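These are the structures in question, set out in turn.
Consider the two complexes below, in which chain A is the common component and chain B and chain C are the respective partners.
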Partner chain A sequence: MQPQEPLTILIAEDSAADRLLLSTIVRRQGHAVLTAANGAEAVEVFRRQQPHLVLMDAMMPVMDGFEAARQIKVLAGESLVPIIFLTSLTESEALARCLDAGGDDFLAKPYNQVILAAKIKAMDRLRRLQATVLQQRDLIAKHHDYLLNEQRVAKAVFDKVAHSGCLSAPNIRYLQSPYALFNGDLLLAAYTPAGDMHVLLGDFTGHGLPAAVGAMPLAEVFYGMTAKGYGLAETLREMNAKLKRILPVDMFCCATLLSLSFQRRSVEVWNGGMPDGYLHRIATGERTPLAARHLPLGVLSPQAFNDRTEVHSMAVGDRVFLLSDGVIDTCNAEEQLFGVERLQRLFAANREPDRLFTEIEQALHDFGGEARDDVSMVEVSLLEAAQVNPTAPVYSDSGQSSPLDWSVSFEFRGATLKRFNPLPYLLQLLLEVHGLRSQGGALYSVLAELYSNALEHGVLGLDSSLKRDAVGFARYYEQRNARLEALQDGYVRVHLRVTPQGEGGCLAIRVEDSGKGFDVARVMQRPLDDVRLSGRGVSLVRQLGRNAGWSDDGRSAHVEFIWDALA
Partner chain B sequence: MADIQVDRDVLSALHEVMEDNYPELLDTFLTDSETRLRELQKTADAEVLAYVAHSFKGSSSNMGATRLAELCHELELHARDKSPSEIIKLVADIHDEFADVRPVYEAERQRSLTH
Partner chain C sequence: MSVVTEVSSDGQKLTISVKGRFDFGRHQEFREAYERLDQRPDSIVVDLKEATYLDSSALGMLLLLRDHAGGDDSDVRVVNSNSDVRKILAISNFDKLFDIS
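Right after this comes the complex of A and B.
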């Protein structure tokens, strides 16, 4: 058996003979002894010397053992200082008083050495156990604080990353539980150079910090590529490839990515593994589900990844609603799921669209009783293009090396047209010209319009009149995908020419395609404010650029941008 | 007579525990007991009687004074309900019993000092 470590034991006993006897016994068992002849002395000795254990006579003058025990227990605080009452009390009521006063055990007179030794040993075990528990509790508390602090710091960093976009735009409303990120939820939004809005709601597998780390590279790709003018397809491919490369196999990211175009009045959607989102058409009250058609990001190899998106028309005021599975997977006490049907009943019952989040939150609370930490919802509405004010990018170069007299021509052919989006490159090239930077948005919009007209109506031969209603709109983009997939020949040529003009300059853009052309005269007769879905392209180019015109039976489009002397 | 009043086994156990301090323990017990006796004889307060008897009982039992401990226990239990004359009788019994056993402890002290 392990020899017991020596303790310091306080003996409080008013009878001198008993005190002497007990002191001798305890000392012979290897412990240090402190003595007191009454309760008040006992409390004082305890306060000064903090013994490990107290042997306390119940009946003492000045202050009795009961009161002394109470005071010592208060002084001892959280640590356990066992008190063994020394008593020849026989009535159970008196014994109960000892326990009430905080006594841990009794020792009857006459003293029995063996029993005394055993009791001291047992009490010492309890004392050590309590000390260990306290120590571990403090350790856990320390680790917990440490962890919380780490999370706070990480959250501050992540918040900077996640909120460097345009989540505060007037048409975005969102709700995320404060630590949703640490359950893997991620919400990002940013404007493209053309003033379109990209929104990503993602949900990484797993929980805690591991689920949150993937957010950083994902956000970087999202912001970087959106700012450069890449479309959803290229951004998705890059995000998928990056996550596939850096994440362990069991980690991936369910995500819905939106591109909301205020000019085209449409939304492009890609949903990989997220719950259905909803496109709410205010005019009809109809809610079109935006269902998952793909595996999450980070699962498939770049070769197998499918970046096919769906495009839906929208009217001003229409809303797109996205949610994380924390909403529909909320459990109640009976382990039932909140489910899609309950959500849809809430949609149906909703009278004020602005109160939808509150109503969903309330319903989740009523259903589950407690809020989950991974509830994310976002709603994006379509504004008039004129109401959108994307913040202009900030450039840090001096402008001294701005090129002012050059021209360049590109020809993009079949296989390239399928997958490559040249617009970000063209835009970057053009934004080297300082005078064009303030019109970057318009420039990008016009380039994008001319390029997609050349590709879709020219090379692919799609009929723009298909887009006159919502159904035709969706069919148009299905056909676009199918024809692009099958594309063999054809080309789009882009000619850019920058020339100095006085203190300013002029950019001439010409875009040609290999298609059949169109009846220019008929299209040009339409009024400029035509907002029909099918008519927006030409109208947009004419509004944003100078001297817009079409030649070669519509196969060649040209437009100019000019700038004055820079301030 | 003295052998029934004092438990010899307890004494030898005490001697073994106390070793060199055995005579000091015996001295302390005797002095302490005299003080207790005087306190008992001096008061008619039932609370004081019960308290002193309780304390006296404890040390007597520890010292093997079996009958003295029993008498003290009786006084402790009945200090509040016995008549004054019964109390005086009981205190006198305790006094006599202590007088009886006292020589045993003194002899024990003498013996241990000479050995």
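Right after this comes the complex of A and C.
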């Protein structure tokens, strides 16, 4: 056992003889001694010199030992200053009073030196234990503050770098703890050049910093590729490959990715490992589950990765609801999970769609779930295309090198059509022309329509009338996937010609395909404000571009964009 | 012990049984279950008969095990999972990587 360190001990005793006797004993045991002749003096000495331990007579003039003990305990605060009462009292009630007043032990008169030494030693052990506990508590609190501060800084950096998105758009509602990032939850949203909206809700394995580190590269890929006009499939392939490359084997990211098209009134979905999302059709009240069909991002090699998406039609006002597993995995005291059934009952009971989040939160609370900060929910609704105002990208170059007189032709053949999306490259090329930048969104929409018409109706021979109802709509995209997979031959040609016109210029686009063509006259007769699910492409091209027309029995489409002198 | 390991007499088959909650708390034990073996078994069975719950870090541990056992060439089966556990495996589409029964 460790030899006892000398302590400073206060002896409060009104009898001078007893005080001298005790002082001698205690000093002989190796401790320093302070003395007081009554309670008030004892408190004063304690205040000035902070002894480690107090031997306190119960009965003293001016202020008795009980009151002095109370005051000393208050002065000592959190640290333990043991008080041993010296007493000739023997009734248990009086002894109990000593302890009630804050005494830690008592010693009966006359004093036994051996017992006194043992008690001092025992009390010193308690005192040290308390000191250690306090020190460790303070250390933990310091580390905790430090950690929170680190998270705050990391989050601020993350927000700057990665939150260039459009989570504040009027059709997005979300609920997420501000530090959800450190629980691995990630929510991103951004507009494509065509004005579609991409949304990602992701959930990395694990907690804390390891769960947050993957978020940055994922967000970069998401924002970078969305802004350039890449579709879900290419973006997903890139995100998966990047995460697979940088994350350790046991880390991955469950994610649902959406592409909401206001023009086509549809939503494209890919779900890898997230709980079912729901497409809520307001007209019928029906909720279509958007189930996980894939492994999470970062698990499979790029070769084995499956980027197959599903497409559903939507009407204006319909909503897509996504949630993280924090919602359905919330656990109550009996280790029961909140579960999907409870969530679905909430859906069924919901009368005001805008109150759904509040109702879910309330239900989680009533369920008695432990509060978790990895509960993330997001709801995106479909607006009229005209209500959507994507923010225009900012260009940093001077514009002096804008190319104004050129043409280029591409031919994309079978194997390329299967996996490669040429639109982002074409758009980047065209946006080198400054006069076209202000029309970037319309330009991209038109290019995308012409290209997908050429590919889907031309090369793949898909019948657009399939898309007249929701079921057919989904079937159409299944067929598209299947035929694309089996594609051998065929081509889509894109010809671009830019010519100067006075101070401005003109872009002529021509897109040709190897398909069977269509009855141009019949399609052109349709009114321009056609909002049926099928055939939207043609009317969109005619509204956004100039001199749109089809020739060669529909196998060749052309359209123009012009611009005036730049301000 | 919440992770119990059993190797067949010929050393070819390793069975790892997990009891109770299969979460990050089992990380160390679960890794040791296969890393300490001198001989790499031909097949591995993860028995979840007594596992009550499984979280995403457990999924990560299964991926580590699969990687250790040879990745795409590995033979790892996950057996006896209860309905809660099976739901989690299904959402994650882990049946595409593991033989789950």
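As a working rule, the second predicted complex is superposed on the first by the 554 of 567 C-alpha atoms of A that agree within 3 Å, B and C clash if a C-alpha of one lies under 4 Å from a C-alpha of the other, contacts with A are read in each partner's own complex, and residues count from 1 in each chain.
What we mean here is this: a contact is a pair of C-beta atoms (placed from the backbone, for glycine too) under 8 Å apart; a residue touches a chain by one contact, two chains touch by 3 or more.
The structure displayed is predicted, hence computed values, not measured ones.
Overlaying the two complexes via chain A leaves chain B and chain C side by side, clear of any clash.
When the two complexes are overlaid on their common chain A, residue A:381 makes contact with neither chain B nor chain C. With both structures placed on the common chain, the touch criterion links A:272 to chain C but leaves chain B unconnected. Using the contact criterion defined above for the overlaid structures, shared-chain residue A:203 touches chain C, although it does not reach chain B. Once chain A of one complex is fitted onto chain A of the other, the partner contacts of A:192 are absent, as it touches neither chain B nor chain C.
Looking at the shared chain after the overlay, A:296 reaches chain C, while chain B stays out of its contact range. Contact with chain C, but none with chain B, is seen for A:249 once the two complexes are overlaid on the shared chain.
Once the two complexes are laid on top of each other via chain A, the angle at chain A between chain B and chain C, using C-alpha centres, comes to 80°, given in steps of 10.
Nowhere in the superposition do the C-alpha atoms of chain B and chain C come closer than 59 Å. Chain A has no residue lying at the interface with chain B in one structure and with chain C in the other. On the side of chain C, the complex with chain A involves touching residues 24, 52-53, 55-57, 59-61, 63-64, 67, 72, 84, 90-94, 96-97.
Interface residues of chain A facing chain B in the complex, by the touch rule stated above, are 14-18, 20-21, 24-25, 28, 57, 59, 86-89, 109-111, 113. Within the complex formed with chain C, the chain A residues making contact are 203, 205-206, 249-252, 254, 272-275, 292-296, 299, 304, 325, 329, 335, 337. Chain B meets chain A in the complex at residues 10, 13-14, 17-18, 21, 24-25, 28-29, 31-32, 51, 54-55, 57-59, 61-64, 73.
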